[in-house]
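Read the structure below first, then the notes.
We just call them A, B, C and D in the order they show up, numbering each chain from 1.
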Amino acid sequence: MNFALSPEQELLQRGARDFLAHQWPAAAAHTVFHPDHDGYPRKLYENMAQLGWLGLLAPVEFGGVGGTCLDAALLAEELGRAAVPGPYLANTLSILVLRQIGAASVRRQWLPLLAKGAAVLTLAWFEENAFAWPFRPQTRGSIGRFGLRLNGTKRFVLDAHVADGLLVVCTIPVRQTRLTAIALVPKDRRGVTIHPMNDVDRTRRPCEVVLEDVIVPRRSVIAIGSQAEKLLARLQNAAAVFLAADCLGGAERLLEMAVEYAKVRYQFGRPIGSFQAVKHRCAEMVAQIEPARSLLWYAAHAVDALPRHATYAASLAKGHLSEVFSQVAENALRVLGGIGFTWEHDLHIWFKRAQWNRFAFGSPEWHRERVAQECRW
Amino acid sequence: MDLTYPPQYEDFRREVRAWLRRNLPARGHGLGGLEYDDPRRVERAKQWQRKLYGAGYVAMTWPKEYGGQGADVLTQAIVHEELVRAQAPPLIGQMGIQMVGPTLIQFGSEEQKRRFLPKILTAEEIWCQGYSEPNAGSDLASLQTRAELVGDEFIVNGQKIWTSNAQFADWMFCLVRTDPQAPKHRGISYLLIEMKSPGIRVRPLVQMTGERGFNEVCFENVRVPCENLVGELNQGWQVAQATLLHERNMLGAATTTQELFARLVRLAKLCTRQGRPAVEDPVVRQRLGALAMRVEAMRFHAYRQLTTTVLGRPRGIEASVNKLVSTELNHDITGCALDLLASYATQTSESKFAVDRGKWIREFMFTLGMIIGGGTSEIQKNIIAERGLGLPREPRVAPG
Amino acid sequence: MNFALSPEQELLQRGARDFLAHQWPAAAAHTVFHPDHDGYPRKLYENMAQLGWLGLLAPVEFGGVGGTCLDAALLAEELGRAAVPGPYLANTLSILVLRQIGAASVRRQWLPLLAKGAAVLTLAWFEENAFAWPFRPQTRGSIGRFGLRLNGTKRFVLDAHVADGLLVVCTIPVRQTRLTAIALVPKDRRGVTIHPMNDVDRTRRPCEVVLEDVIVPRRSVIAIGSQAEKLLARLQNAAAVFLAADCLGGAERLLEMAVEYAKVRYQFGRPIGSFQAVKHRCAEMVAQIEPARSLLWYAAHAVDALPRHATYAASLAKGHLSEVFSQVAENALRVLGGIGFTWEHDLHIWFKRAQWNRFAFGSPEWHRERVAQECRW
Amino acid sequence: MDLTYPPQYEDFRREVRAWLRRNLPARGHGLGGLEYDDPRRVERAKQWQRKLYGAGYVAMTWPKEYGGQGADVLTQAIVHEELVRAQAPPLIGQMGIQMVGPTLIQFGSEEQKRRFLPKILTAEEIWCQGYSEPNAGSDLASLQTRAELVGDEFIVNGQKIWTSNAQFADWMFCLVRTDPQAPKHRGISYLLIEMKSPGIRVRPLVQMTGERGFNEVCFENVRVPCENLVGELNQGWQVAQATLLHERNMLGAATTTQELFARLVRLAKLCTRQGRPAVEDPVVRQRLGALAMRVEAMRFHAYRQLTTTVLGRPRGIEASVNKLVSTELNHDITGCALDLLASYATQTSESKFAVDRGKWIREFMFTLGMIIGGGTSEIQKNIIAERGLGLPREPRVAPG
């Protein structure tokens, strides 16, 4: 029984916090709200790659660190705390796919690139229904003379506009039925069109990807049937945990903002933090955040090591932490008042991230229902 | 108890409705209160108010000699209700009509009334409110903008913030400190300041929604003739308080909330869950049902207050209850909408994937701004508890 | 447009408040918690009868006042404020039944008695499922040589232990089908057994009534078929409104208690009401109660005069006010702290009444769903 | 991160479980903490603690020389977990074991340790806590019970309230004012008072649940030998604070909450809605799901704290977070149960119509009492904000 981070994990987290405080201060996060910014701060990503963060989950033989989901969640928490934009999540989830497939050539080709930040891969997974599982893709592949032909419309594809390749979830006809498959599609392939899905959270860049008679070689299918489905199920849990971690980091950042302000803002001759209306609001945030952190650790650990509990734990964590993050965002704004409502202030960056996080990879409501199902209620 | 309007009022309502059908600006008129950046929009908004005034529908309860109709509260309420129902654009001269106008009627000199009131109605002169300062938000009475009487002029120095519409307003009604020695509530005066005066600088603030609307206004040796003082010198706090207690158009607010809720219900019918309309989901129904109860409570509470106003009974702390209840409720309605939209909730108005043109996320933020602005929910609760329930105020702070 | 009480209504309400402050102070309400108290303070009821309250809804020609449901709701609010026990609600609902039936002899026999408080009638309406509508009674009547024979088990029959008669809701076979009917059964009839349903709210006395081969004359059926069903539907709305009114009165009383205490209780050298934690709690109660009062007035008025809106309005009012009452009870206890947690203090009387009120005649959840149905969502 | 226990601990857990299977008092044992009115029940409760102590399962972390086992925190945690899982009756000597015992170990003289600690474990001496007073609740430090040192005795006068178990306790650990001139936190001492002392009067208070348990305790010239002072004179506040920071058996609390929640889920399977188990109703599932998240967060938070204790890291404000979170959560669980039971929710234990013997409504009230007692949620929030976040304290009140 040792429910604590290892010294290495604590080091990773502390290091990430320090690094991002310097390399990605709030002022940097503001820049992605400029209309011309593509949401991918390459310089930052180069440094992140050097620190091994981009390859955290990639196997060592491909230039990665071979870390655990708990490691990645701790890093995700810090990225959330700093509101880091860009394809970190897209890449990390892609690595989780690639590290579990059989096709050695694909692994050899892509994993080192991803680990060193020299390429971006993203999952073209969801469609009109967004993050609603159980998910039957409408995107269809058919095998013909020239290879695999893909047709369909993908939505909420993270950072597709800066990606080099797409991991397209589709169905492929096999005998009488259609099997779920994942196909790797280079983005510059003819028939691939990308539309941005403008989100108020400019630190995130979901896209629509339309596939019209896109043709790729047959060997682009990197997983099929039950293998693909198991992989996606696992991915879903990992994504939920990473999002939950991001929520935790964001909530902490907002709490800090609120507390700092409450100490220095004077009204009625006193710091506003001496008024119980403000003081208790801040205390409630603490009382929400601290137990939620423990829940997140458990969920990340479950994804790593307790497969039978992973779905349950991931839903607990994502459902709860995204709710906590939205509530903390709301409360922080109430503490900051007018100043927090301005574009100039940092708060809105996290406030908007909280809204995106709330729904991405399953809303609180959706996860509560999934908890009920996992408990066989 | 009678919830019907007498026949002559129903006739009037039909008249208003017919007029609105003929005269309402087209949808997407771009006349929303916070989109006045563009001077052409400001001009169009003024035209709309002028048109409405021409029809006799603006500030109907004001005395005839100052351009009003001397109408009763019920008549005015009907107009408010119909304007909201028709989704008419808000009036650009709102601040003048709701805040400074009634103040002048109560406290202004005859000259002030004649000079200012008619142009408020016709939108010839647009007003903004100079109350909050960087260090005087919830604690408004600690405001520091100074006005020194030199000869027959006040010399104003200081800074106001969160001033809506300052970028195109012609006048500001403003609280300034005229006696720095007096206890803080007793050294404030209520001044009318022309925005074109030399020494005024307006800096727009962008809101988290990305929209402009708020401003910082700086005063550097701005000269204001002493005729522009409203009420007695150093009595400005009392003047401003009285305005806050003026009729707050509760029915308009309630109708706005009803419309917002109706839009939420439409959204719930449009969105799907597991392939069926969300409105059929028991969880959604519970949430809508709970909101409906609060929406309807607010509606009938407005009727009650309307009746109370008609009967001339005291209003007490109702303005605070209304502000607290309506802003929190509006925000909860928009929060429910986000949950219905789920992953599409955060798509902006520029996105082709946005539902209802991205209004819900904008209003989710905007309604939170309304909770914070004009006296936060916490300030309203202080007022309700201290003035309404007689609970003791915060004790004075011991020095040191 | 006149959304206000009439001078007479204000008089009724003010009078009731003054009267009950003297005749049924909290000390009196405490007495019903004594194990031997039957929950029917007869002396109080004699005075209430003299004031015309018991016959408020009875037609004038039967010794009543011919009042409206709004009148009765205003009175119910005051009874709630004073936590009056006893068969007021049972009688009032029975009067609503009797005043609408055809059988003149029954009306002549019972209405004057009820109006002067000389008899108690109660509705034996619900069964195991409690207040869950739509409600198909399992209690069955059959017409035989000796009259109507009744078999079944009724629950949540208010004050049956002190009632003289029961208005039994049952089904009666007519041709191929069974019709809903209401039969008046004297309580001393053989085969009627009454079991108390001990509730923490001792100001209320629900009972179980078991009917085993109870035989009454055929003319005991006072309503049948669609007439009975319409009557019960209307009754349901009236009951919901009266309960909502009771909630309002109770909530006001608790708010008063909390505010009084917050003014005189000193901690940390200040009245606790000067702390925002307490002050804002009290303000929130006001902000809940005041709009809810307007909603109640509307609902009562709708039951009187707007039949198409009555169900909608009654559900709005009962659902909302019972929720407000429970929340106010919770908040009042938090303001009072330890002292409010004792048996000696008055608070628990209303706290428990709030719990009973929450569920009687439909829970908040049930009414929210009914609002949805009425809106055709 | 490792959620398994080392093999020797798992062996130990099996041992505890087996022992409990053999020795647990029968259900309906009447040993609930608040039902000790009957002297026979008190006796049976003492026997139960003695038995448990005999097996080596009480206060295992205490040093061996005072009757403990010198065991590690993990071992103790396993016992706590198993006791809750087995629904074992609470220990009648709880206050001694959790509060005064650890205080004596930290601050007591050698004589005090030898004199008192062993009898705490064997339930030979039952302790109660004399902290709150009628005018010192949330503001505990303003307590007024006086103790004057006269010769080698303290003479105690005053009144305590909300004293659980005073009706049968043998000893009270008590905060008394020994220097009325000093600032309020600095004139308090920590005293051990024998309940049989002449001049002590105990008056039971009935709770809103109808149960006894709390008492008022009055002191009239009660003589207490000065050896019964714990720590330094006038240092009682620091002594008491240190005890509050002692391990609060978070795992026990988390396990209790888990058990309560498991009972709620069973109830949801039992109750019906529209003829189907309530647990299938989407609205109920949402509510259970939301509670499950909080319950599990608390559980893993307890594991985290357990690990922190094992590793000897600082505990900070966790006691306050735990108290706030666990009591509010327990209350919300019972509130959900009432909604499931609906009209049957309020049936008392005497009613044959009661589900789960009327426990839910009793616990709904009881859990609210737990929110209020032992430092209200508001007090915990003050502590979290002031000590944890460094937010400023309430300013001192200006005189007048």
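We adopt the following convention: a residue touches a chain if its C-beta (ideal position, glycine included) is under 8 Å from a C-beta of that chain, and two chains touch if they have at least 3 such contacts.
Remember, it's a predicted structure, so these values are computed and weren't measured experimentally.
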Most widely separated chain from chain A, with each centre as the mean of CA atoms: C
Of A-B and B-C, whichever chain pair has more C-beta contact pairs: B-C
Centre-of-Cα separation between chain D and chain C, whole angstrom: 40
Chain B and chain D, separation of their C-alpha mean positions in angstrom: 52
Touching two or more other chains - residues of chain C: 270, 275-278, 280, 365
Per-residue multi-chain contacts in chain B, two or more chains: 282-283, 286, 378, 381, 394-395, 397
Partner chain D, residues of chain A touching it in the complex: 1-6, 70, 259, 262-263, 270-271, 273-274, 276, 278-280, 282-284, 286-287, 290-295, 297-298, 301, 305-306, 316, 319-320, 323, 364-365, 367-372, 375, 377
Residues of chain C defined as touching chain D within the complex: 130-132, 155-156, 195-201, 208, 266-270, 272, 275, 277-278, 330, 333-334, 337-338, 340-345, 347-348, 351-352, 355-356, 358-360, 363, 365-366
Interfacial residue positions of chain B with respect to chain D in the complex: 281-283, 286, 395-399
Chain C partner contacts - residues on chain D that touch it in the complex: 132, 135-139, 142, 161-162, 205-208, 210, 214, 283, 338-339, 342-348, 350-354, 361, 364-365, 368-369, 371-373, 376-378, 381, 394, 397
Contact set on chain A toward chain C in their complex: 275-277, 280
